[in-house]
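Okay, so chain A shows up in both of these, paired with chain B first and chain C after.
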Partner chain A sequence: MRRLLLTLLGLAALLPVLAAPVAAQDGPLRIDITEGVIEPVPIALPAFVDEGGAGELAQRITQVVADDLTGTGLFRRIPREAFISSVTSFASPVQYADWRAINAQALITGAVSVSGGRVSVKFRLYDVFAGTELGEGMQFAAGEDGWRRLAHKVADQVYSRITGEGGYFDSRVVFVSESGPKDARAKRLAIMDYDGANVQYLTDSGSIVLAPRFSPDGGRVIYTSYATGSPRIHVLNVGDVQSRVLPAQSGDMSFAPRFTPNGQGLLYSATSGSNTDIYRMDISSGQTSAITSGPAIETAPSYSPDGSRIVFESDRSGSQQLYIMSAGGGEPTRISFGPGRYGTPVWSPRGDLIAFTKQNAGRFHIGVMRTDGSEERLLTASFLDESPTWAPNGRVIMFARETQGAQGSSSLYTVDVSGRNLKPVPTPDGASDPSWGPLQ
Partner chain B sequence: MTHFSKALVLGAVLLAAACTNPDRFGPGGADGMAGGAGAGAGAGAAGGVIPGSANDPASPAYFNQTVGDRVLFAVDQSTLSPQAQTTLDGQAQWLQQNADYLAVIEGHADEQGTREYNIALGARRANAVQEYLISRGVAPNRLRTVSYGKERPIEICSEESCYAKNRRAVTVISFGSAGV
Partner chain C sequence: MHTGHYISGAGHLALIGWVLFGGVFSSEPDPVEVREVSILSEEEFAALTERSQPPESTQDIDAPPVPEAEPEPSPEPPAPEPEPAPEPPPQPEAVTPPEPETAPEPVAPEPQADAQDDVAAPPQPDPEIDAPEVSERPVPRPVPRVAPEPLPEPEPEAEVAPDVAEAIEPEPSDTPADEPQEPQEAQAPEAAASEIVTEAEEPSRAPDASVRPRVRPARPTPVAEPDPEPEPEPDTQTAAAPEPESEPAPEPEPEPQQTPPEDLGSGIEDALAEALGGGGTTDPQPDVPVGPPMTSGERDAFRVAVQSCWVVDVGSQAANVTVTIGMDMQQSGQVVTDSIERLSASGGDARAIETAFQAARRAILRCQGDGYDLPSEKYGQWDRIEITFDPSGMRVR
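Now for the complex of A and B:
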């Protein structure tokens, strides 16, 4: 856990052999996302069998499972042309030797059926070299609209069983969709699957909207809107897309909201005069209380997962730096000491790391550090990266990257906490301020 | 940009109430700031001054262009330069002479900063202008501030020449009475 890089645990002897055509496996199939850098693990994922009414959907579901798994950078899909065995029935016994011969470490088989508007997907995961099934076969069902979620659930199971980590594929992201030129940019809230599918707009572009944040259960979104003429925090129910401004906010302007871990309150920052401080609000009673004081800019608060501490940014030292204080306030401890400025800290859902935006020497970075400020590691570098948000399992970070110049635009990317596997998240227009919701 | 549409509506209303002489639109009309206070003073305007134009000292166009509606800031700063103070002295004087106007001071930042910090920084800039105007005698209840952070750049290149113009506080005036 110290380095947060990738390796195969229990397969140390196998590591040098991974590139070889055929290898004997010494232990159970297992990827530990902790140390060392590895080659992606080769997996065999034959098209899921149509067990009635599925037609092309079986292939599409298989593709989403494959995209989820290979998209992590941990797995490589062996091309179908290399297969010796074919899987034409979900029930047929597995010919392990045929899969070993093409060096498949894992085999995933599945079947899809559609009946009465319901899609049913079942799958099995095999540890090819051990010659055993890894975990039990499972079955998921949903309405036809939910077929992608079924694929994500299968992929989450496979990922989880092989890595021992929680999955993150069956999750959604709320973000700001952007269109138009830089000096007349239109912004509206949107929600999508983690992979960019199923985009749905939650607001129109009549007012500036910024930095939406999911509630812990994914049912609500808090965000900053200029609908009233000043930045104010609004709350929106995802189910019926109804929103309202929160009452009794402190200060002339309020922004940078984030839910408490129990979802009943929020932290936000409010400005009075020249001064910006952090406040807590209980949503049902509307009661607010100041958590910081003093003339500095204090903003971007984020709770530890257990709710006991708050990480935030402050320029009390003369430049933006990261601090941690207890949830009730009190004297904070500075944790960032490298060159440059640090902002937008976000506590990992695992509790072990803090992601942040760093600005240094004209470049922006997304980075992580331990909660005591040690082991700072920069994961990205560009003209402008900001707004990190954690995947539900704390292993991947999504963020926004703005390109330089008059034609500059913003889009979303993901990167592993190891700094590997940087890749764009497709969105219909520009996109910024992502907030990754819980595993559904 | 809601203040632009308000200014347009205001201009249109005042124009309709005063007269329909198209010459009332001076050069300042191009940015939607024509009309305004010139309406009342129009009949008595001295020769050569087109009421409502940037030459009419009682007009919003005069405030925006001749007095100057904005001041600029150094990187990550909210202190007022001597040049900014001169501009604000003019704004304060104009606001005192034109008591029927309210002002919203908009604070802005360039794109080189995180979104939240830039909102707070823009608030500091707007507040610096507000406090200065109050110190020069403008009634506090005629002034309001709002920060747009880096959300509303007027120049779009990613160079200092553009950033310098985006690090600004703009005093946006509107016709109306304090407390209304």
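Now for the complex of A and C:
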């Protein structure tokens, strides 16, 4: 009782202190905020105005823009039914109060016109709560068959102005389209928009193709093909869909090619006997040089954006791990130390992260880590996740996921670098080995 | 053919039944009790009891097992004599330690004497009263050793409690009884006045002991100079600490009546303004209520209101940027939109910084509604606000 009484009295004595105002501040009131919210930004996207000849195309373009933005997981489109004011003219003034009332942080207005077989799209972006226009209005034009690209262009601009980062909507992905049962699966190269639209096949299913990679400018694709009986690296020109096998490749088998940042050369792996090393090839001259040498299996090289370093996988330590070394060779530095096996590293276009595949405890993961191996973070987990590839802005990773069983199939998924917004990419057939091309 | 089996089976069943129910196993608990109890304790106790008591000691020896369960069977012993006999055995066991000090032979007389001295008290009451035997056993042990001391102890404990209460009483009893309620009521309205409010701020500092060190170093210096400029400064100092409650009401009346001390009044106001640390002559705006400093609760409420609208894109480059924003506020709690400016930023390139700034600005504007819930009587404390948005704890990388 005595202690209890003393405790109560002590607390009573502290009450005035706790309730007392904080020390008087000098100058302005200063507040530190360290916690925010993670939620999609509500945006208002009224249907683009038809300014002549657009018809339903204006609606479709509006929908593609909305799908692009909301598909990132960073934006939420406010339903049209909630709108207080309508946009009937692209030039009409914006009633900010009406949009502010429905909590729209950004307003996108646009107009579409079709004339002479060409589609023109113009848009404006407004910061509702600031009551100002965010950037200047822009207009794009293309043929009628390019209306989706116009929508992607608008979405890229909106995304970039709000997030401060480059967009990735107007980009394409090359991948291996798969069809048929697992034991007799036909594989062919295909190319599509980033969202799975406009799929086009680049090769037939007469020979197995693996690991296609876009060139930095998106005009070429290198891939591994068994057309000659053994795996060899081919180069395909996307414009005319013509391919050729690269000459003078070292070793019995060559695979896992990847362009250099300048697009004039490539790194690839070659196997001689039981040893696999990394080589560099100048595409124009066909001259090759070994980057690694030794008894270990070293493969899956990937350049840093500036071309000064490469990251690759090696089992020189006894297990499959990731290493970084100078682009010209030298002593590699191991960067992965966690449990399990690490493979297929890919350097982010930003240069700050490395995506990889990790196999541990019977599960496959797509993960990212800093270039020094720190802050490893696994983004996915499934029966089989592999082949990560970065979006052009380094914000999203696309990868292949294969389901278990004899009837299992492979399909493509995307995930935000934060680990959120995991979603499938629709493809007509099975798909694997994606490679995300540059922004067009 | 199976006749033999049936006969054999019936015979076995009969045998088993006879073994189980035929009384083969008869209980003989009596010899078990007799064997140990009677033999072991009898030898020692017999030697002790033979000299002092009649030959019935053997029967008494049988009793010791009973005293082992003393509390319950104790009422059974019919005669008072056997009981004192069992009591000594337990006591001599406790008394045996003193026995080794003496030789084995004299042990017989000495233990008796010792036992009589130590146990003298219990055996005496036993023969005198028969019934209380059971109740007396617990009593004699604690009484001589424990009971006398603890009895006085609880009394001082009871005395200590009122002492402590008395030491605490003076504060609530003296002040709140007569005056405290009135001055407290006076403090609430004082908050509306600028001067009184300023005094309210200082006493809030005073208990923190921050005022005392200031006063001590100030004394040596004013000792030489305070005389030429005596009154205004000492007035502010003294009025700040000891007279906050009583003087504020009477002072304003005499001062306006006495017109000559206008200079003193202005000097006091200046001194009070300086004492506030708010910039003295520059800050004072006649129409702006300064009020006491913002409480932590008020600051937290504002912080929570803003952060609830601060959308952080943890995967973006802007998540690496810490940006500080300054803005002017209206007394209604609304932000002066045009006054929002970026004061500083770190952690990213120019584009990431601009994105972080825009996100912070949207947060401020989006959540203000009709104005942030800030105390209007303290408008002078928050007419200018600087907010630092630091997403370092939220960013993924």
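Rule of thumb we're sticking to: the second predicted complex is superposed on the first by the 403 of 440 C-alpha atoms of A that agree within 3 Å, B and C clash if a C-alpha of one lies under 4 Å from a C-alpha of the other, contacts with A are read in each partner's own complex, and residues count from 1 in each chain.
Rule of thumb we're sticking to: a contact is a pair of C-beta atoms (placed from the backbone, for glycine too) under 8 Å apart; a residue touches a chain by one contact, two chains touch by 3 or more.
All figures in this text were calculated on a predicted structure; none of them were measured in a lab.
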Partner chain(s) touched by A:D32 [first = chain B, second = chain C, both, neither]: second
Contacts of A:T344 with chain B and chain C, given as first, second, both or neither: first
Which of chain B and chain C A:S387 touches, first, second, both or neither: first
Chain B versus chain C as contact partner of A:D67, first or second or both or neither: neither
Which superposed partner A:D98 touches (first chain B, second chain C, both, neither): neither
First (chain B), second (chain C), both or neither touched by A:R370: second
Touching partner for A:D50 - first (chain B), second (chain C), both, neither: neither
Chain touching more of chain A, residue-wise (chain B, chain C): C
Residues of chain A at both interfaces, chain B in one complex, chain C in the other: none
Of chain A, residues touching chain C in the complex: 1-2, 5-6, 9, 16-17, 19-39, 41, 74, 103, 105, 127, 129-131, 134, 162-165, 350, 352-353, 370, 375, 377, 395, 416-420
Of chain A, residues touching chain B in the complex: 181-185, 187, 208, 210-211, 229-231, 252-253, 255-256, 269, 271, 273-274, 276, 297, 299-300, 313, 315, 320, 343-344, 357, 359, 383-384, 386-387, 402, 404-406, 408, 433
Residue ranges of chain C in contact with chain A within the complex: 160-161, 164-165, 168, 201, 204-205, 207, 276-278, 292-296, 299, 302-303, 306-318, 326, 337, 351-352, 354-356, 358, 361-363, 365-366, 381-394, 396-397
Residue ranges of chain B in contact with chain A within the complex: 1-2, 78, 111-117, 119-121, 123-124, 127-128, 131, 145-148, 151-158
